[in-house]
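Note that the chains take the letters A, B, C, D, E and F in the order they are written out, and that residue 1 is the start of every chain.
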């Protein structure tokens, strides 16, 4: 089974980014089941980081094209490397059979199987409402106890790992005591690669879902079960299915100013 | 009061498109209250038409930038010219005070004030589920009786106006009799400019919401009431609010292949 | 366009009441768009003020009759002058084409278009549950963050305007911080004529809906859009539609004690 | 235990009406448990019959006053004699301890204890939506399969009892087969006194709730359990609780036209 | 009318248990309406007390059989003597006409008729989530304000009655002030036989539902109304209805180890 | 990784049953990922087949004990071999770390990741309502389009496989066309071992979830992700956690009739 982790930002444009991609790849490969091969790719152009809905949207066009390319290369599954699952439905529209896993969706589904109520602990207040929508769209809003934020920018998460864990544990405790959560989800892919879920889980005594690890495992499960997204749900865009344009790129047209 | 209608596709790239823009502008101006000035603009690049979620996403980056430009030009309100309200939340993130009206949202809000249950009659089956999500997001899912499609491609709507009306009336009747709708919404902007709502309403005896007209009236109402979107709900992207980048365009970065 | 504001209590029975009516009329006229003419009327008999569901019901019979009269006089729209929208559905049953705006319904609809979650700040605890029902009935319960009360009787609101604003700001802050509201609605028509919404909005940084102003603007919008309530939703009472009785008054019958 | 059945219309104004009251009283007394005494009263003025929301509202002021009188006379419980429960909340506001049973509420509560999903079979289409709201307000909307109407005016129900039963069975069958109902409720008090529930139940093989009988039994149960409505939910109107006015009548004031 | 209270644990195996059964029987008989005869029985084998879902399940097989026996003995109604209503649906599957009352279901239905929002005060945190599910299943989840626990084991409730009442009042107060409850339900049958509901109600000023008393009254009401569970909802197990096995016991089969 | 499939009925008591167990084991092993070892066990005593809620309950005590034994034997995960997930919560109460997969829960979670709306196609009408509850409890009720039954007893499914597939395809088609499902779930474990999902999927063009295969894959995924059920959600029964009894068996006590 071949799975690819697709980064919606051009992280490899810096040396540090390339190292981080390498590090994430190693972690993902350490999670993989025997027989699963994992790769990692990033887009050529995209937002430096995703901290708003606008940046989510900005990331979508190039990510969809890269996903289409990955399906053509024969990958069985692809993981969309941003917790907000930007463009997950569009990727499913253009792909045919490749399993496309959104870490937001996959993480809350796993959480829903662990208990009665889960909380998401994410980075900043600005995405609390969008994450509520993500959970509603995933269909498990009934089990959502709360979305809480530690209000630390993504890029600072790794700088002071101890402080990050401390804040995560603090908000997790509030989720358990004030919101009646019995299961927690880390609501950010960078948190997923900090290896903090296990420590939090030990400290708090509840399952803590690592979205990166869980996405990989869900990808393996769906591929293994022979299931992918319903093309009746995510119809191929008519202009592509009719052969009018050959790739997603072809869907964009420009004003030809000279002709005018 | 100055209101601008923003087309998310580069419709003016053809002569026919320029005429259609002109025609729509005239219709909108005929709807406008005394004291309301209406303009129309389209993006430089975007999808030829929007028939999938992917094309919705493709339209967002340029539309957001154009919206930002419109706010700078002093418009009091802008109408997002696609019934699916693509990127409505992102536009609200980057704008400060300009009222931004999504015709999907505005139409169902008006419908909700007319009766107990409304149905949306739209173009194709492919957007039935996305429109359910749009209504849920707008917050009035409880009053949604159904979304029905006449399964006619957008571009053919105007070709045989009589046939289109006949199909709309047929589906509207089913919505009333089978889904218990008492109010109907036209779920497509092109339908909004065909002037069919009045005929349907007369034929079926229920209010039929024209999304174009209603969007303009809602824009006037919100501007008049001195209300715009909450910046606590739609926070300005941090990289813009901190001054790190000066426009939405600045949010995109590229891999610098040469430097490597 | 002619719009009338209908007071469900006989406020003009005192000199002070007549002045207040005059004051409100001036305010409403100042809100009106060019081309909109606003009038104000009150019922001959009704509750002195509305502080319970029972007083809401007591206000309905005379208000419905007055509304019917207003439609006959040619008004395009009428605003029901109590935030609880008492008898809104009955008014829509007896009227044919006149737009009937309930400030409760209109206010929360506007709020729903501003953000993800709104809170209503009202006068007393006693109407918190009824307002929850109003919002459910309006169809936007999903966006309701909370209903909070400042626990000041209606008649005292204007006496100490500074204290009223202070309390409104206090509860508004709690709604934002504790209930995750991003938009506020003033849940009382008297608040609507205190001109406090703008101050609150400035202080709290979120939109604050003034139900009076918003009702007028929604009335203009619906009339402008050519939309009114669905007569399939609000059927004319059979005894009136069949011509059995000629007005709503005729629906009441008495025991003829002499005959017995 | 003393229970009174309160008719919201002045049915005793005709000889036929007096006979119907007598007949209903006998039926109710035949239902009563040993030790329960039942009486029947009607208002002096009210709608001839209730076929619209407006007529529901028209019935409330006099009914509330009569209810208050009944509490003063020492009744342990009162049944509001209209399936739509008009003014149920207002009656609870003005009464202190008397159990007030709404047949709409009581009937659906009993139905909810019988199975997974119930349907209401009522008289005319015009009250289908209001009955949906009644069930939502009662709190058991989740178990509501459908509201169906036989479209026979109330006054004709008794004229051709066989035809009425046939229609009820027809709609009941559809509710079972098409809406997955396993329990039925008769949605009209007149149906409740036609003694059709047992026949329908035998024919259809499911419980059929008679709202009259069930209301009496619920009244006995609540009185027997020592439970009545929460005065924290239904607060006494401030003007009454403060002693400002001595009865509900005092809440209405008139314009003094001479003084002006 | 004959009603039997069925204890799902073999409480009579100790002298103290026999006394408690006797005591409960006397209390129930004191609640009974004239003409109602009450008996009490317990199972031969079952959990010592029910403090987990597992113990709920363990109690079901013998309780169902005892219920079936009670129906054969001619009881009109049976009360399932555990607040969690374990196996209520299974009992309804095997019985034909006997009314089967679950105190959990009956209590929340009564509470729902008292106000807008109720809270359940139960013994331990461990059953808070299961009680939420019970209320959802009963169909009145919309009116549930909260489930709160005093965290006192069932067996200690009676030892220090004053302390128990104090804790109940404390949690009840929080339910009212923090969760907006206007009605309370005692979420444990042992609480139901401590005669604390009246004291709590006096102290807190809201109705407090005693599940034991209310179950008896609901049983009388349903029997009196001639209503029982829908056999279309709770179908008789096919192997019983087809005559394949004659009792519920026959549904269990064993491996015949010798034959192998 | 070691996974065990636990049959809640004593299927191995007949030769045919032993062959069926063997057959299922082979199928499960063919699904297993490299590195996953699968075993199969059945209870000593239980229902012959599960066709009612009562039989579900009857199966629970022995199944829970067998599950506890499996955890002691070192299995990483266990699959509860009945689509209705009987006692899933109780198993999670008594086990500590072993992943416990309910095929009902696992199947609908997978379906929820495939599209907007799924339908369950099950064996008989009698379990349609219980399956609705199962999906609600699992938390994905919002995505449930319908539960449909082919009304073929479990034991006949395999006898005429072609006829079974034909019926499944028929109901599946109705689910797609009438209920707007885009994904289907086989709602019975026997269906899961008939290898019909692939054929249905090909015929209908939508994903069809095989609950057996999917349960195994979800078990592998959860074990691989290091996640199991939250012990805060499913607390160990107090009598076990306190050491009062050493196994679940110890929770049952009997009346000692002789001692009396």
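A few notes on this one:
Everything below uses one rule, namely that a residue touches a chain if its C-beta (ideal position, glycine included) is under 8 Å from a C-beta of that chain, and two chains touch if they have at least 3 such contacts.
Everything quoted here is computed from the prediction, not taken from an experiment.
Ranking every chain by how far its Cα centroid lies from the centroid of chain C, the top place goes to F. When each chain is reduced to the average of its Cα atoms, B sits farthest from chain E. Chain D and chain F, compared by their mean Cα positions, are separated by 46 Å. Chain A and chain F have Cα centroids lying 29 Å from one another. Multi-chain contact residues of chain B (touching two or more other chains): 116-117, 129, 136, 182, 233-234. Against chain F, in their complex, chain A makes its touches with residues 31, 33-35, 105-106, 109-110, 112-117, 136, 138-143, 176, 182-183, 198, 205-207, 209-210, 213-214, 217-218, 220-222, 224-234. Residue ranges of chain C in contact with chain D, taken from their complex: 9-10, 12-13, 42, 44-48, 51-58, 60-61, 64, 87, 89-90, 93-94, 124-126, 129-130, 133, 136-137, 153, 233-239, 248, 251-256, 259.
By the touch criterion stated above, chain F contacts chain D in their complex at residues 128-129, 132.
In the complex of the two chains, the chain D residues touching chain F come out as 116-117, 180, 182.
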